[in-house]
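We call the chains A, B, C and D, going by the order they appear; numbering starts again at 1 in every chain.
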C-alpha cells in the first residue's frame, strides 16, 4: 500500500529533485505539493522537464492541509525556514524528512554556534541525523530526520571507516570539489555562466559552516575543509587526506572499507586503482569511493551527487527506512552515460 | 509476464543507454548482453555508472545463443555491422529492433545510394521505419524495425505536421545543433575536450547523409540540412524553417500541431512563446516542440535527446508496441533538473 | 604620438574588454577610466585579471573632466544611458566611439521604432555606423561612431557580398548562436550556470531587436532572425541562408567573397570545405567565414567574438581610422589555442 | 635589435602557444618553424586561429638549418624526443629553451629514476631549471634551460616561501586541479568530450611523475601529489597544505609571501580573503596566490595557465633573461574577461 507523502518546497533544486524521485517512487502516493512564490503556477514553468507530466498543483503551505493529505512530509525549504514548518507538521502528527540544515544537530548550542538561535528547539530533541549508513535503526523509528549536508555526506562516508577503526590520527583535510547546483537556484555573480565556466576556485577556505557538521560525525576530529567550485552542474568529489597511526598497506585499507561498505546498497568501493567521478553517480543515490595509500597517508576519494545522495536521494532512503520499505525502493536507477 | 530480450552491442553510447533503459524496464527480462572487443570484461569497466549493478555477463555475439535466450533483440552495433546480425537473428525467429542506420530504408537502391550495397537486402523487404508517431500500427506487427537517426527524428517530428497538411511549400531548411555524444564513443580530434569545449561549428554542411532520410519521411521534400556540433554532451535542438503556402497565424499553427501531437505521449508542444531546450528532455524519450510564425515563415524548434528519443528510447518505444505493452512502459521518467 | 583616450563604463563585459585592448594599444594613452557604481573601487575587484596591472583609477563620469583629459572617448555604457554621455562629450569637443545601441541608426524614427524616443536626437544627425568594412571613409572623418551590435556584425559580414551583388533574392534567414557573455554581466535565471551549461535554446525567436539593424544594413532585405544561446562564454556563429537569383557554383561564390574581403585585414574567408568556429577568433577582432552552396541556396557561416569584432575590437578598429592610424594597430593578436 | 629565434615543435599545444607568444614578441625575429608530421602543411590547418597570419613555413627539423637561421631555439617536442634536438643544437652553438621534461633535472640518476636513461647526459651537466623566481641569475647565463612542469611550477611557487623560511615541517600535500589541455593534443578516451565534460576525477593519485620534481625544488620535502582533471580547457589550481612549525597568523604568512613576491613581475599575492581562479590568468604568464591559515596549517592556493606560466610563457620569460631583455617583454598582456 502506497504511503501518502507531501513535498513542501518544490521550486528549488533539492525540491525539484525530490519531486522527480517521489513522483516515480512505486510506494509513494504524492498527495500535496507546496511552494512559496511559485504557488499557483504551472509546474512546467518551474521545471520544464515536467512538461506533460501529471503532478499535484503547487499550493501554498498549510500544515493542517498537509496533515490531512499526507503521513510523511519532505521539506525542501531554504535553511532557517524549515524550522517552523517541521515543528508545525510534527504537532499535526506528520513525520518529517527535512532536507535543509535546520535539523542536522540535536544540540541547540551546537546548532546556534553555526546558524544562530533555533526558533523551535523542541524539535532538536528528537531529530535524527539522516545518514542511514550510520543511523539506520534510529532513522527507522524517528518522527523527524535532518538530512546531512552534501559536503558532509561525502566527507563522512570517506573518512569514517578509518576514524572509527582508530586508524586516523590528527586532523582531517577535506579538499572538496562541488558542482554549481550546490549554490542553489538563486542567480548571482558567483554562479553567472560567463564567470563560472572554464574556471574554478576555492571559496570560504577553512571557514565553511559544514566543517563542524563533519567534525561532529567523525568523532570530534578537527576537519580542515576547503570547498572548491568546479564547472559541473551536479556532483561532489571529496578528496580526503587522513594521517594514519602507522603505515598501512592498500590491501589493509581496502579490507577495512570493504567491511564497512560491502553490505551497503549505495556505497561502492571501486576496484584498486580506480578513481571515482561524480558523473557516474549523477542523478543517483550512490557513492563511489576510491582508496590510495602512501605509508601513513590515506587518501580517500568519494563521489556523490550533491542533489542525490547529498540531498533528495538520501531523503528518500531515510523515508524508505521510516516507512518500513526496502531501503533501495525508488532509488535503483543508474546514472546516464555519458 | 516479462519478455525475454537481448542487447547486442553494449559498449557504445547507444548500447549503454539501451542497457540503462532495459535493465530498469518492468516488463523486460534482460537475458543476454553481447559485446565485441569488450566481451568478458566487467560491465563496470565499460560503464562505471553500473558499478555494483547486477547485469548479464558481456559475451561475444552468437545468433543461436541469443535466439535460445531471447525473443527480442536490440542491436546497438556500428552502422554496417548490424546487417548480418539482424538477418541471422530473424532467421532464428528473433524479432529485431535495430538502432543502427542499416534498416532505415526499405528500398535497397535508396539504401545503397547513401551507404553502399546492403549485404542482406532480404531484410529490407520487411523493415519498418521505427518512428511510432508515424508507423505505430506497422511497428506493432513487424519482425524488424529500423530506428530513425537522431537528426531525422527531430526534424521529421518538427516538420511533418506542416508538410502533411500541405502547408509547407518549397524546401525545408534544417539548422540542427547536436551534442558531442552524437559522434560516438571513439575519440578523435573533433571530439577532443580542449578543442570542443567553449566553441561550436557546423560540419558536413549540406552534405550529411541524414538528409535523404529526412526527405524520404517528409513526402520527398528537399531538405537543406546543416548540422552543428555544440558543447553539450547529449541532446539535439533542430530549428526548422518552413515556407508556407500562405501567411498563417501562430494560433493556426498551434492548432495544427496540437491535432498532430495532443494524443502522443512523448511529443509535447510547449506553451506559446516557450523555447525548447534539450536539457529538459535529456535521458528521456520526450520531444519538446516550440512554434513561431512570421507571415509565411514557420519556424519549428524540436528538442530531443539524441541517445533517447533519437536512439535507445525510441527503440524501447518500438519494442513496447511490438510486445503489445503500453507504449510508455519503462519510459515515463523525466529529465534531471538542473 | 599617442592619442589621449578615455573609457567610460569599465565594469561591464564590453568595458573590461575595451580596457584590455586600450591598455595594450601602442598609440593610446589611456588617461581616464570612468565607472558608475564601481567608481572608487580597485580595478582588480572589478576584473581580477587586472591584478597587479597599472591603470587609471575608476572615477565617476564627468564630461568636462573627460574632455580635459582625452580627445577620444569610448562609451561602454548600458543601452539608453550612452545618449547623454555622447552628446555631452561631443559638446566638449571629444570624439566619441559608442559601443552601445544608442547611435546605430542615423534616423530618429528608425531608432524610436525599436528602442523608444532618443533623448538627444541631434547626435543621430552625425552618427556613422561603425562597420569599417562598409563605412571606412566616413568613420575616419566622423565625430561620433555607433558600433554595430554583435549579431548584426556577423550577419551583415556574412550576407552583404551576396546582397550587394544582387545575387540574394527574397528573405534572409539568420540562425545565430551566441555565447552567454552576450547577455551581459548582470546575473539572471537565464544565465545561471546550472541551467545554462549542457543545454541550449533559442530565445526571442523572430522578435529580437537586432533584426531591423541587420535589414537596414542589408539594403532593406527582410531578415528572419533566430538567436540561440549556446554554452560557450564568448563568440557568435551565424549561419545565414540566402536564396540566390539563379543556381551558382561554390567557386563563383568564393570568387565573390574573395573580391569583397581579400583586402580586409580582419575578415578571412576560410578554404573550401572549412567551417568557422568562434573559438578560433575569441579575443580578437577577426571574422572567419565559410561558404557552402546547393543550387540556389547559399549558406554563409560567420564566426566572431561578440566582445571583439562584435564590440570592443570593432570600436578600436573605428578609433584607428578616426585617429589616422593603421587600421590593425593594437588588434594584431590571434586567439588562444586551445 | 631583435633576436633570431626558432621554434621546434609547432603543432602540439605548448608549441602553438609558444608560436602565439613568439610571433607577437617585439624583440624576437621568428626565423624558423619546425614540425614533424605537420611539416609542409599550412599553419592554418594546424591552428585555425592563425588563418591569415604571416609566419615562417612549417619545415622538418634540421639542427644545422636552425643554427644558420637562429641564435635561440625553443623546443616544444614530446618528452623524450627533445634530448637529441637539444644536444644537436647546443653543438651548433644555439642556446636552447626546452619546454619538455627532458632537462628538468641536472642529475642523470634523478632523471633516470623517473623517465629512464637519458640519451644525451652531457646536456644535463649544464641545464638550468627554468624557474626565474628561483634561478634568475643562472638562467641569464645558461645555454640550456629546462622549463619546469606545469604542476611543479604552481606547487613550488605556492610552497617555497614557507619551505625556504623553515616554517613548513613534515610532508606537503598538493591537491591540484588541471584543465584538460594538460593532457596534450592527442585524443583519447580520457579526454573525449562526452566523458570529460560535466565530471571530474583524480588520476595517478600519489603516483604522478611530477612529484619528485616538486620535492627536488622544495628542499627535498616529501610531496603527496594528487592531480585532478577538471572540465576546463586551460589552467591549474593547486591547493597546497603545509604543516607549520608553530601556529602562525595570516598577517605573518602574508608578510612572508609579500617579501618573496612583491618584486616579482608575474607572481601576485591576492588581497586577504581572495581566492585565485585560473580563468583570470589564462593566456598569461601570471600566477595568482591566495593564503589561508588555521593555527599550524597553512593553505596556499596558486593559479596559473598550464600552457602559459606552466610552459610557453615561462619559456619566454627565461628567454628574456637569456637575451638580456626586460623580463616582462612580450608577456605584459592580461587574461580575457570573461
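Definition applied: a residue touches a chain if its C-beta (ideal position, glycine included) is under 8 Å from a C-beta of that chain, and two chains touch if they have at least 3 such contacts.
It should be emphasised that the depicted structure is a prediction, and the values quoted were computed from it without experimental measurement.
Novice: Of the chain pairs A-D and A-C, which one is connected by the greater count of C-beta contacts?
Specialist: Between the two chain pairs, A-D has more contacting C-beta pairs.
Novice: Please name the chain that ends up farthest from subunit B once chain centres are defined by their CA atoms averaged.
Specialist: D
Novice: Provide the C-alpha centroid distance between subunit A and subunit C, rounded to the nearest whole angstrom.
Specialist: Their C-alpha centroids are separated by 46 Å.
Novice: Could you give the separation in Å between the centres of subunit A and subunit B, each centre being the mean of its C-alpha atoms?
Specialist: 35
Novice: Between subunit A and subunit D, tell me the centre distance in angstrom, where each centre is the average of that chain's C-alpha atoms.
Specialist: 40
Novice: So which stretches of subunit C touch two or more other chains?
Specialist: Those would be 13, 181, 185, 194, 197-198, 231-234, 277, 280, 282, 338.
Novice: For the complex, which residues does subunit B have touching subunit C?
Specialist: 171, 173, 175, 177, 194-195, 198-203, 205-206, 224, 226, 228, 230-233, 235, 237, 239, 241, 275-280, 282, 290, 292-294, 297, 299, 301, 303, 338
Novice: Could you list, by residue number, the parts of subunit B that touch subunit A in their complex?
Specialist: Those residues of subunit B that touch subunit A are 13, 16-17, 20, 23-24, 44, 47-53, 181, 185, 197-198, 233-234, 268, 270-271, 274, 277, 280-284, 286, 288, 332-338.
Novice: For subunit D, which residues count as touching subunit B in their complex?
Specialist: It is residues 13, 179-181, 183, 185, 187-189, 191-194, 196-198, 231-234 of subunit D that touch subunit B.
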